[in-house]
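The same subunit A turns up in both complexes below, where it pairs with subunit B and then with subunit C.
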Partner chain A sequence: MLPLPSFALYAPTTLDDALALLRDHGPDTTLIAGGTDLLPNMKHGLLAPRHLVSLAQIPALRGVWVEGDVLRLGAMTNLETVAAHEVVLTRAAALAEAALSVGGPHHRRMGTLGGNLCLDTRCRYFNQTYFWREALGFCLKKDGTKCHVVEGGQRCVAAASNDTAAALLALEATIELVGPDGARSLPIRDFYTADGIANTTRAPQEIVVAVRVPLRPARASVYEKLRRRAAIDFPMISLAARLDAEEGRVNALEIAVSALAARPRMIRAASQAQGKSLAEVPRAAIAEAAFKECAPLPNIEGDPAWRKKLVRVLADRALRRLGLGPA
Partner chain B sequence: MTGLVGKPGRRGDLVRRVRGEVCFTDDLRLPRMLFAKILRSPHPHARIVGLDATKALALPGVVAVLTGKDLPVRFGIIPWTPDEHSLVVEKARFVGDGVAAIAALDERTAARACELVEVTWEVLPPVLDLDTARDQPAIGLGASGKDNVSKVVDLAFGDVDAALRGSALVVEGDYHFEGTAHAPIETHCALARYDSDGLLTVWSTTQVPHYLHRELSRVLQLSPARIRVIQPPVGGAFGGKSEPFGHEMVVAKLAMVTGRPVKILLTREEEFYVHRGRHPMRMHFAVGAQRDGKLTAVDAKTDIDGGAYSSFGLVTTYYSGQLLTLPSFAPNYRFSSTRYFTTKPPCGPKRGHGSVQPRFAFEITLDKIAVELGLDPIEIRRTNAVPGNSTLNGMRITSNGYLECLARVEAASQWKERRSKLGFGRGLGVASSAYISGTNYPIYPNEMPQSAVQLKVDRSGVVTVFNGASEIGQGTDTLLATIVADELGLDLGCVRVVSADSDLCPVDLGAYSSRGTFMNGNACLMAVREVKHKLVTAVAEKLAVPPADVFVTRGFLAARGLENQAIPVDEAIRLAEARFGTLGATGWYKSPPGLGGSYRGGTIGASPAYSFTAHVAEVKVDVETGFVEVVKVWCAHDCGKAICPSLVEGQIEGSVYMGVAEALLEEHLVDHRGLHAGPNFLDYRIPTSLDVGDVEALIVESIDPEGPLGAKEAGEGPLHSSIPAVANAIFDAVGIRLDRLPFSPARVLAALEAKRSV
Partner chain C sequence: MKLQVNGVMHEVEASPTARLLDVLRGPLGLTGTKEGCGEGECGSCTILLDGLPVNACLVLAGQAEGAEILTVEGLAAGQLAPLQQCFVDDGGAQCGICTPGMLIAAEALLRRNKAPDDAEIREAIAGNICRCTGYQRIVDAIKHAAVVRAGGAS
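Showing the complex of A and B:
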């Protein structure tokens, strides 16, 4: 077996204790939720923290609450729960579909929403064993100096591979964090950055506490995932779309696409739907524009040209499912 | 026959397996046991200039270090091509080749110590594809050092050129297969103990304990009498465990050096490096036909990428041509196959050894011919079904259920009503094949039996079968228990099977070439019939009737007319033991002499019996994304006689799933640096339960005259034609020909676009 590096494990029962542990043990400390991303990465020598602070025993982080017109999901809620929750299913369907498409049943039982949001970016040259990466000559993101995806590239473009990110982006979610300086909230658009080495604006000692999803009347959303197998596989393209409609007209349409580079992107062309009747929405044109706006890289498996074409297909399917464009 | 043979039933250890009670090699723990790890080459081709293990040895917890010098004797499964060292002596030949081994108190320390071994390398030019292998002989990976050739086979039967010239139609094409891995759930594991009596015991996840025994003796220079090899239950093998491996030698040597038991468990990544997976092949086929569909000649040229070592390569090279001449074939045939060495993980046998790739090429060609001539693809196979009891390359046929296989899949799939009528995007395809039931000779030439069992008959009513065969999940233990129980009228629970332990069991050559049922079954039948004869004699004497009047039924032996005085089997055993002394018997199997052609290589591919298979696949192609869904596969397989039909169905289903996975998903890629493209189960994708369609297993029984109760094989045959059946179904669905495996959605979409643009 691949040996797991040794570490000390702490299981605080309150957020304050968790913050104190993060503070006391300094930079060599990492949070662990379900561990389904962290532990394989540790086995691959991608990180070897001496201290792990588990969030599993903190009750305040687990649960799904409806607070007025906001759906609030605790960071430690597992993906199985998220995918099966009635309000998520009916009012934030893209999130339910995205959560259900993560890994297999075991991953969804162990894996949490917070862990999914903070999933490390992925790359075929990075998510490998130490031996393999050494034989390759390592890379920018870890232990090395060059990028094998973009020749001569000085920036890591590993792919955001978390299924729920695109869904939550389309759903205009807000992320709640606490850190040494107290609590803060930020729109999920500001959570992700284009830096493949660390693609979130979360400070190392901050904890994601919850995700808030606004519940709007007449809102529909869908999620589409490209993968080779019907389970286990990370997305090769991840696409979510959200529609707000009133009296048969589009108030707003948003499309988020991920599994491209480090930052999920919003499709500009979605605004073409604004104000149109549902049947008039230029579905093909929007899908075509999405195809043009996205440039998949050879950072994850799958021919990039094919993945690019599939952006168009997935966009078309998502809009069709939302009842947009000609039947 | 007492009613067990031919009845559905579950395999003997099923419940224990599912409940985690089966003890695999890695479950074994011995007192004072050490753990080993192997340091592996990071270069595809490089010479060791210096190796310094001082720092590794100094690490607390490290007990011993081995390098190539400690194990200088070469080994290999084929006696004529021993070209592997347990650890690299001079040159590493692929990324992952073992260089040094560490034994330590725990696995983590051993792994850490590997990183402390300092190796200085002189990097040599790699050979990463067939063109380089052919065009740059100076790299010298071959035995002579003057080329990269592993084996060349050129054979011709009839006048191919004349026949092609005289054909109404010749279809030529190039076909490409990039290689696949076995992907067993249990990775290789071995444990060795060298005790104070000088006995070396090795437990290993092998499917050839006997060959391991021989090669351990050779490499360690230890008498075979001082070695015991035990094969615990295996968690999947598929051909990937059918030869001796360096790590088995390494733990044995480490146990001898340290005086402590030593275990090694390969990681998933290492599993991809030791490999022995299906060979990449580049095939050029030209097949001629007359207007009526009658084939005239087959001309095949195949380049085989063997990877770093010989493995079974000599046999693979022959099999790539020899096994094609059934079930539908031409009267003239020529093949030329060359296996090259490359600096990639070594290839070997995977379920359907050597013949799955050319089967893919040939069956698609046949489909092209049928379409070109406007013939039904099933009909063209009937037209060309090889008649009589011999093939053109001299293989003897003793039983043949081929036409019934075709008829069964034709009916079950509603071929006539549905082919080409399902609308654009959906289609049906057919393909067929044949396979061996064991090879007629042992790998090392000798006149001794190829399979044997010993029966111990206990007066409690329990019969134990000591059997050398390797149970690797295919069910040989259950098969033997069924044969014994059925002959003696016992409950299955009263037959124990002890397998694959060189101290306890007679020699069997191992679980390869689909030989288990045929050879072990025959050996077992021979032994149990001797026991049965004694029971019948003792019961006849007791009832004072002629032995011919005595018959065995479930639980009893009885005499005709005296059924009310029937004697329970355990009582019959006691009577026989009193009459004859301690009961037991041996049985063995040796294939009949003279099988195969009389030309050089004519015995390779010769088998005492051949199985036959036909597949029809139904696919759905998503023309927007390129995804192919195999909705259903009908597979009819002539296994001779289904002694355990549930096991036969299991083998058919498993074969089809494996074949469809190779058709759609699996591709064993090594990149331009010589690095494996992703030695893990996220990058190398095998299907999940959601990714496979329905399989309908149709059993055909031709009752082979020499098979045990008429049985042949079912373990490998049903894989072959599943792949071209899918390819041909894709053509029926959307009109594209895919001559390169796997049919990934990107390739399918590209082919669809290319077709639209013409």
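Showing the complex of A and C:
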């Protein structure tokens, strides 16, 4: 059995109260949403906050709203709800598919969209018990001074492993945050960084409030995931693609790939589709270029060379599902 | 703290920061819910929180206050529920460690879907690992239970 360290739990009912708790208790305070990432990490001794502020009792954080041509999803909306929502399914399918692929049904019931976006990066040398990590020697991300993935590496390259990140990147989502200095919004492209120790630009005292997804006519999107079992497992490669088409021609194609290192990546070669008729899109060439642009590391399960090859396979599959390239 | 478990409101001497699993098995004495991995991988600690399955090893007791909790003990009323009897009859349980979690995941499914097909059953128990049965007999038992619950032959 893995005991939890001791801590105090607060359940504020407004965002203002939550912000006040974060301010008053200082750096030893962490937010808890569904807890499905945080609690296992605490059991493994990866963090031991003295104060946990639960967001579960704040009604403003829960819900899915359509506001004109924007779909707005509250951070505390659970993944089960996201995956089953009519508008998500029809207008932002990549997000529905990504949410449905997180863990198993039990995780999607407790696990929230905000928690998924803020999921800690993962590494096979990090997501282990204290005993295990101590035996090998601690690493840069926690308690140690070296990286076991990149020899001599001075920067943690643990993998962004959240399924919804790639989908929301492809869909050009915007993240709404609130912090001590008020509210701000930023494109999800600017949310993730290449630092595996803390891979988002969220300040410690900021709360993710909601995610906004633009709804466009003639837009289609898909999500593809490489995992060993069809449930429970985190992605070994995560890939989302979005197509905007008009009169049978490509207005825009975006492909996002994650579970490589700390920062999800946008595939440059997707721009080759621009202006082409759907059938003319060089699907194989784009998939090949995606393969070349991505360099999975031995940070998570799965041989990196194999995961790299699967980028090509998943990219091809995604574009095929979008009706691009020769039949 | 106060917890509503299997239809009864309990006043328990426990910290809201304890794992719900430990409060159920400890002060409440409901040891039917099992701990396998303790980290959300195996589903042997599955309970229903307001009718939906969650891993009790990943829920703080404080997160369950005000919710309706169902554990495996809440399934049987005097005698085994049809779902449990089908697990017995159809070989859905071998060593038994996964069984309470499987039963609860199945109960959640049968409450919202009276006649699930194989794919729906497999999806519903996708968070529950069994190392003995190979799953087919569990799927068969759940299908059988659906028929019995609908008033069909046992």
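Keep in mind that, in the parts below, the second predicted complex is superposed on the first by the 327 of 327 C-alpha atoms of A that agree within 3 Å, B and C clash if a C-alpha of one lies under 4 Å from a C-alpha of the other, contacts with A are read in each partner's own complex, and residues count from 1 in each chain.
Going forward, contacts are C-beta pairs under 8 Å (C-beta built on N, C-alpha and C of every residue); 3 or more make two chains touch, one makes a residue touch a chain.
What you are looking at is a predicted structure, and each value in this text was computed from that prediction instead of being measured.
After overlaying the two complexes on the shared chain, residue contacts for A:Val313 are found with subunit B alone; subunit C is out of touch. Legend: residue contacts after superposition of the two complexes on their common chain; A:Phe234 is shown touching subunit B, with no touch to subunit C.
Contacts of A:Gly302 after superposition on the shared chain: subunit B is touched, whereas subunit C is not. In the superposed model, A:Gly104 lies in contact with both subunit B and subunit C. Applying the stated contact rule after C-alpha superposition, one finds that A:Gln128 touches subunit B and leaves subunit C untouched. In the superposition on chain A, A:Ala11 makes contact with subunit C only, not with subunit B.
When the two complexes are overlaid on their common chain A, residue A:Ser185 makes contact with neither subunit B nor subunit C. Within the superposed three-chain model, A:Leu136 lies in touch with subunit B and out of touch with subunit C [touch as defined at top].
Touch criterion not met for A:Gln274: it reaches neither subunit B nor subunit C. Within subunit A, the residues touched by subunit B in the first complex and by subunit C in the second are 1-2, 6, 104, 230-232. Subunit A contributes residues 1-2, 4, 6-9, 11, 32, 35-36, 39-40, 43-44, 52, 54, 56, 80, 103-107, 109-110, 230-232 to its touches with subunit C in the complex. Here subunit B touches subunit A in the complex through residues 40, 42-43, 95, 107-108, 111, 265, 267, 269, 624-626, 665, 673, 675-680, 682-683, 685, 687-688, 690-691, 744-746, 749-750, going by the rule given at the top.
Of all residues in subunit C, only 16-19, 35, 38-41, 43, 46, 49, 52-55, 58-60, 62-63, 105, 123-124, 126-129 touch subunit A in the complex they form. Across the complex, subunit A meets subunit B through its residues 1-3, 6, 104, 124, 127-129, 131-132, 134-136, 226, 228-234, 301-303, 305-306, 309-310, 313.
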